[in-house]
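Note that the chains are named A, B, C and D in the order they appear, and that numbering of residues resets to 1 at the start of each chain.
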Amino acid sequence: MPKPDQIPDFPISDDRLHDECGVFGIYRHLDAAAHSALGLHALQHRGQEAAGIVSYDGEHFHSHRALGLVGDNFNSKDVIRTLPGEMAIGHVRYSTTGDTVLRNVQPLFADFKFGGLAIAHNGNLTNAYGLRKALVDRGCIFQSTSDTETFIHLIAISRGANVVERVTDALRQVEGAYSLVAMTREKLIGVRDPMGVRPLVLGQIGESYILASETCALDIIGAEFVRDVEPGELIVIDKKGVHSFRPFVPVATKFCIFEYIYFARPDSNIEGKNVYQVRKDIGAELARESPVDADVVVPVPDSGVPSAIGYAEQSGIPFELGIIRNHYVGRTFIEPTQQIRNLGVKLKHNANALYLKDKRVILIDDSIVRGTTSVKIVDMVRAAGAKEVHMRISSPPISHSCFYGIDTPSSEELMASTHNVEEMAKIIGVDTLAFISYDGLYRAVGEEVRNPVQPQYCDACFSGDYPIRLTDQEAGPSPTQLSLLTERE
Amino acid sequence: MPKPDQIPDFPISDDRLHDECGVFGIYRHLDAAAHSALGLHALQHRGQEAAGIVSYDGEHFHSHRALGLVGDNFNSKDVIRTLPGEMAIGHVRYSTTGDTVLRNVQPLFADFKFGGLAIAHNGNLTNAYGLRKALVDRGCIFQSTSDTETFIHLIAISRGANVVERVTDALRQVEGAYSLVAMTREKLIGVRDPMGVRPLVLGQIGESYILASETCALDIIGAEFVRDVEPGELIVIDKKGVHSFRPFVPVATKFCIFEYIYFARPDSNIEGKNVYQVRKDIGAELARESPVDADVVVPVPDSGVPSAIGYAEQSGIPFELGIIRNHYVGRTFIEPTQQIRNLGVKLKHNANALYLKDKRVILIDDSIVRGTTSVKIVDMVRAAGAKEVHMRISSPPISHSCFYGIDTPSSEELMASTHNVEEMAKIIGVDTLAFISYDGLYRAVGEEVRNPVQPQYCDACFSGDYPIRLTDQEAGPSPTQLSLLTERE
Amino acid sequence: MPKPDQIPDFPISDDRLHDECGVFGIYRHLDAAAHSALGLHALQHRGQEAAGIVSYDGEHFHSHRALGLVGDNFNSKDVIRTLPGEMAIGHVRYSTTGDTVLRNVQPLFADFKFGGLAIAHNGNLTNAYGLRKALVDRGCIFQSTSDTETFIHLIAISRGANVVERVTDALRQVEGAYSLVAMTREKLIGVRDPMGVRPLVLGQIGESYILASETCALDIIGAEFVRDVEPGELIVIDKKGVHSFRPFVPVATKFCIFEYIYFARPDSNIEGKNVYQVRKDIGAELARESPVDADVVVPVPDSGVPSAIGYAEQSGIPFELGIIRNHYVGRTFIEPTQQIRNLGVKLKHNANALYLKDKRVILIDDSIVRGTTSVKIVDMVRAAGAKEVHMRISSPPISHSCFYGIDTPSSEELMASTHNVEEMAKIIGVDTLAFISYDGLYRAVGEEVRNPVQPQYCDACFSGDYPIRLTDQEAGPSPTQLSLLTERE
Amino acid sequence: MPKPDQIPDFPISDDRLHDECGVFGIYRHLDAAAHSALGLHALQHRGQEAAGIVSYDGEHFHSHRALGLVGDNFNSKDVIRTLPGEMAIGHVRYSTTGDTVLRNVQPLFADFKFGGLAIAHNGNLTNAYGLRKALVDRGCIFQSTSDTETFIHLIAISRGANVVERVTDALRQVEGAYSLVAMTREKLIGVRDPMGVRPLVLGQIGESYILASETCALDIIGAEFVRDVEPGELIVIDKKGVHSFRPFVPVATKFCIFEYIYFARPDSNIEGKNVYQVRKDIGAELARESPVDADVVVPVPDSGVPSAIGYAEQSGIPFELGIIRNHYVGRTFIEPTQQIRNLGVKLKHNANALYLKDKRVILIDDSIVRGTTSVKIVDMVRAAGAKEVHMRISSPPISHSCFYGIDTPSSEELMASTHNVEEMAKIIGVDTLAFISYDGLYRAVGEEVRNPVQPQYCDACFSGDYPIRLTDQEAGPSPTQLSLLTERE
């Protein structure tokens, strides 16, 4: 939940937006938990803080959840053995707040009248507080601060005759952007919100079906891509096969365009488009829209690389790794000395001076959030002797917070919400600064032009056009009792 | 909950009954958490598996719970600092089952419509399953397998106008034996079940009030004993002082007589009687009831010591530490080799041969549960050269399971439920074996005689006279969905 | 090493002297490591800080060392399996200083020209610094601050033709009080220093031989006591049996009399005397020497219990557990709040008021070191209502530091070194205070009288008669480079 | 030490050679330890298994060593505070064997007659066994299996008058390839072996001097590059400044050419050449030497990227990220299920099918070691639909083990030692396979041609021309007692 006042000031923020979650589910596979671990590993870029898997062995549900990387916690036979069964769902999580207690790690599990249900979701409910308040009034007891638990209580109190009816019942009460996977004793369930803001795909390997946030999670286990789960679709997989339901009134879809720009893995395909290709195309559009006479195109690694390749190809200016990234940072230097804090960006990036000194440099980055990293990167590039620095950004200026499952600073912290491009260029210290235009961006994702009345994608973080009502935001500050307990384990 | 099929076969069981919990609460003390840690340390004999404290600082509740001893987990300033505030409650726990996940560690906390409430209890609800089933049917979601959570849901769904009414509402629905402490933002609450099976005392230090399972928890913090909380009494402590409520229909009280025999600390006073004194008196009664011509009275340490002193004094036979206990066992040798398993009792006890060799030995122990330890102890005493071994037990034969908060094997595992005294003597390998008589025991606690129609104490583990209805037991095996999730953290 | 300036001020000192170590070795047993673990568990009272075992499987040496209790670290099959072989030695350690890094945990192992050797010792070398300095000058590199490593270097540089010669060579250079066990690829070796200050016994079980600090380590594994290793004896056990060597010039023996008073376990037999019996006899001597008209004899548990029984028997005054000890303290409350610090003694002891109120109390304790605990105990007894408090101590006043392997405060911190008995009584707050006399003590251990010219035991901590030269002490402060490296792991 | 029989079969080997270490030292900096942590972080690619720092505060040496990444262990104020002082040295380590006990983690410290000395080195001594044997015979006791300890003993027994003389003394006895940093109470010392096989540079920041394996460690702390330490140079830095000594007879230098190909970070400059530039130039040479008609140049990320850029630029064929790397692998899946084991390469790499399907692909990788990864990569590329796969390798075939500080499989495991290029192409499954030629490689590093009589670089892993004598190898298998002790901590 992007509660502005809780955004932590990470000492070494990478100043990027962060997707909050990735989900995975697999039905009827002899090695369900191991495959879930692999799928989550492939989705690790969607959340590095914690991971969890719940399996069902025909009799019992089994759960293992841990803070940290999938590869550090689900890597041994011993762990996989504790998760028997042919059905499993899993989750990776990026947390926006400091409450890294295990009880907030998904999948959540609850024991209902009709049997157990495990659930994991990627996204954010925009009316979660209101629902929660009503549920607490009714006598429901919450154990976590996660939206997912709101959803669970709605299922629990539903009078629906079976799980699908109860889930449908709950879905109809929530607003927001979400892709979720759930598992009962007999069914694997997948849902994408009516506008399809967050991704979810269906895959198959032999007789097994898989639900996952991105296609790269299918690739890693050798599964075939079947199709994207459609916006507003409720998929139920059981022994009779895959069943599709449409519990919602149809609305125009609004896939998050930032998934293409930054969140998704470059080797994933979303709605028929290859992410890496889209990024290259954005780079090419940028080269056409905002050309500059220069010696070298240098990406801010790693996220700027595909657009830089596209820019270089289009412009004919050589592409060089003028900035080298250190991949061993990990959860590094969490509580650093002042000395380390000041060095900041160098922990991750170093100038490769030979390609910068006395050069006119085009720096390609995917976005500017607070701008703090950009200032340091440009500073480093200048210190390495660059003659000119021209920055090209493969997204429009980010000026609005996201309330649909992405960790964004409050709008006043977003550089583009309080400064125009010229001011930003000055602060960042570049000779020129240009962002991709809306239409350039929409062209790169295959549209002719952005429909200003009804944009084909959710681009609220750029435009402020929020397609889903912000019910909780409109209701004002959230009730304080939601965070009464400060817990240590 | 004494679910017979879940009693673990501890490799090195000490073959004793175990109290399941101790509770502590303190109101308006500048150092509430540190005092709670001390109080729980004094109550550590009532539960060594886990401990927890929840404090309230006027704005937030703070919780720290940990597996292990109080002294290993609440011993540092760093921990105590995370528990600010002038009000706190705490809990120590002995778990009968393997599910040692933190979510089962008390105090439990829930966020209600009217604000947060933390609760900890010692005892067992005898209609917990039935209540739970009804609550789940209603849409309540349980996060633990503890009785306490049932109680919390009952409070949550109560329509009572305030906390006291809601607690009262919940109390009227539960059956069982329990002493509980609870804390809201303004009140410290203590309750003893209508029959007062488990102990609870009220103490005072300066302006602060304390609730604790035993008086030894008052002594450690220098607090004065005010009085026992009475059976069926609901005490509410707030800024106006101590308020007493009587939410139940009065019934005859039934304090657990085994608290005197074994559970309580010898330096505690319960209902006006000093525990050590009662144990000595039982020893003296035993000496009168079952005298034997012998050379030495030897306690099985440590629990047999007071009765052995009493026996020796009454009989004039010298008291000697013929068996030495190693106090460093701790959580020792949990998964030992077969070699270690066979040695069993020697990890804790060693014969002090000088006082056994060629001697006629009277061994004093507090109880015989499965009898496994007794066999090994007698074996060891004989191996040390004892000429005769006469065993005297300071409780009647334990032949029935307890359902009121004590971890007991199922009745078929209790030696006395399937064997008479002579058979037991033979199996254990003693020349003579005698248990204290009911009347001898009742005399030691100050009664003239046991009232066979309406016993003055709960002695169900000896007599099978269960004073509180065993609702869940009567309803048959518990619904399986209660333990669907096997969790690893 | 008792370096006065490094004695830590443990927040909750128990104000006792502490033995520094226990040793164990076993030759040719199929389950050598498991038996070593058991033996060390029985010797845990000699050192609770760390434990280690080295085994030899005919090809490789295997080592496991850990901080903490034997029962917490050598309790699983997994650990025991890492220690294969039919020969093993082990060690438990009480550390006087804060350097609890693993590299100081014994047994130490070194790879010599002639093969590996593991060694563990109990005691202290009084010329270790001098030897160490000479060894460092020669180019030897020390990895620990333990005396044992000095011994290892002496073996390494010896020109002896075989292990026994080399060990003998080393033994002749060291001064001090020590019992050691060592293990080569073919031999188990045991040595007691010429005066036999520290204990060491030989046991047998089937074809296997055992060396251990005390007989209780034989009892736990069912081994038979063969004999004490004699002062100055070097025992070598190999496939041909047990060989006895006498590498030293014979001198009068000086067994540590404090082993009887406090260090050894009451069920151990040392040099033919049962420790518990000696303690009772001291109590009886005290009753004769320092009688007092009183109502009750109360031990300071646990160490005061045997003498209190002896005193009570001799005097006819009833023995009562007027002070109850909490055995769950463990490594408790290491860094407590001020609140906890002030309570001090109550973490371990509580008054059992019924037996103290309005009573004339004889308190029996084993010793007074700094006196801090005595003050608190008496305070607690008085607060419980005692009318009179008479303290009787089963050792003479401790007025001198030990340099032979016992952790003692510097002499100026010893209450008896700066105050006479009357002053001590006043400070401690007792009506009367009496210590056992030298002759009373010597009678209790079987002598007619203490030989003032050549005392039959080492009683230097009382008398200041140091039987072994204090070479390092005489040479003045130790060279500073010994503790250059402060290490964190 | 590359002992062939100890090379672990890492389940998910990345099939690369691995540098074993990186070193760092800093003299007279107020924040010496924090800067060392940063420098080691920048050198993390040279060793990820363990890291250590020793500081000196003018009075004491302080050490912290830990298994794992610098960023996970030296990231907090708490740790940095335990390392006070203005002088420090540090080390990162890649271990070839399973003995990851802390005692093998550098820097090592020893307390000499003349005071303490800490030392860390990168490389391997080729006569370490022989020296060690002689030292053990003399009575020296080794605590680790590291070469560095051999060096320490040589210093300890030297009769040199001061540290520099003693270090010189030791240096003259060792053979091998090494760069080392050492620190005494007054001096920071740096040495490069006579042939300068491993890198070492001198930097400066204000009044402080730095020694580091690579220039990227200077960049991270904002230090300036002064010069490479020269082969055979002994640098001593003290309060009078930087002193240069030449303890060795001058010989032709032999810098490790593989540092350019793979080990060093691309942003480092070595002996005046930028590593990234050299790699691009190798790619260009490859394009000239082994051109092929194709649609796309695809690097095996990350190490193949610079050469692929060079190849693409030279050939005019588009460069595309046809393989995407998952950087979250970490120490992932160490003990995976068979399922995970089979997937192998996919944990790290995924095909980006859009750029491979129906394409003629040129795959660029830096080397082929065992060939196992190449087989899987090509398999994955083919499965993604590639029409042709042409592999170009930016090193000559690796056919010989390295004995100079690089972890290499034994020669029989090296694919190129048992197969010619055609056979390799067949096994790997590529249409064509070509390696850079010796002369192409030498041109890329600035030579006109490789001098076949006296190669300008050490290229033994390709050519088998070992410039430094392999004394231990020639002497046959190493003495077994070196690994007698198997240790668990």
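Following the convention adopted for this analysis, a residue touches a chain if its C-beta (ideal position, glycine included) is under 8 Å from a C-beta of that chain, and two chains touch if they have at least 3 such contacts.
Because the structure is a prediction, the values reported are computed rather than measured.
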| item | value |
| --- | --- |
| Both-way neighbours, i.e. chains that touch chain D and touch chain C | none |
| Shared interface numbering between chain D and chain A [over half = same, under half = different] | same |
| Most distant chain from chain A by Cα centroid | C |
| Rounded Å distance between chain A and chain B, as computed from the means of their C-alpha atoms | 50 |
| Approximate Å spacing (C-alpha centroids) for the pair chain B, chain C | 36 |
| Separation of chain A from chain C, taking each centre as the mean of its C-alpha atoms, in whole Å | 62 |
| Sites on chain B at which at least two other chains make contact | none |
| Contacting residues of chain D [partner chain A, same complex] | 31, 34-35, 37-38, 41-42, 44-45, 48, 69-72, 75-78, 80, 216, 219-222, 265-267, 269, 274, 276-277, 302, 305-306, 309, 313, 318-321, 324, 326-337, 339-340, 343, 346-347, 350-355 |
| In the complex with chain D, residue positions of chain C that touch it | 54, 60-66, 79, 82, 102-103, 109-113, 115-116, 136-143, 152-153, 156-158, 481-489 |
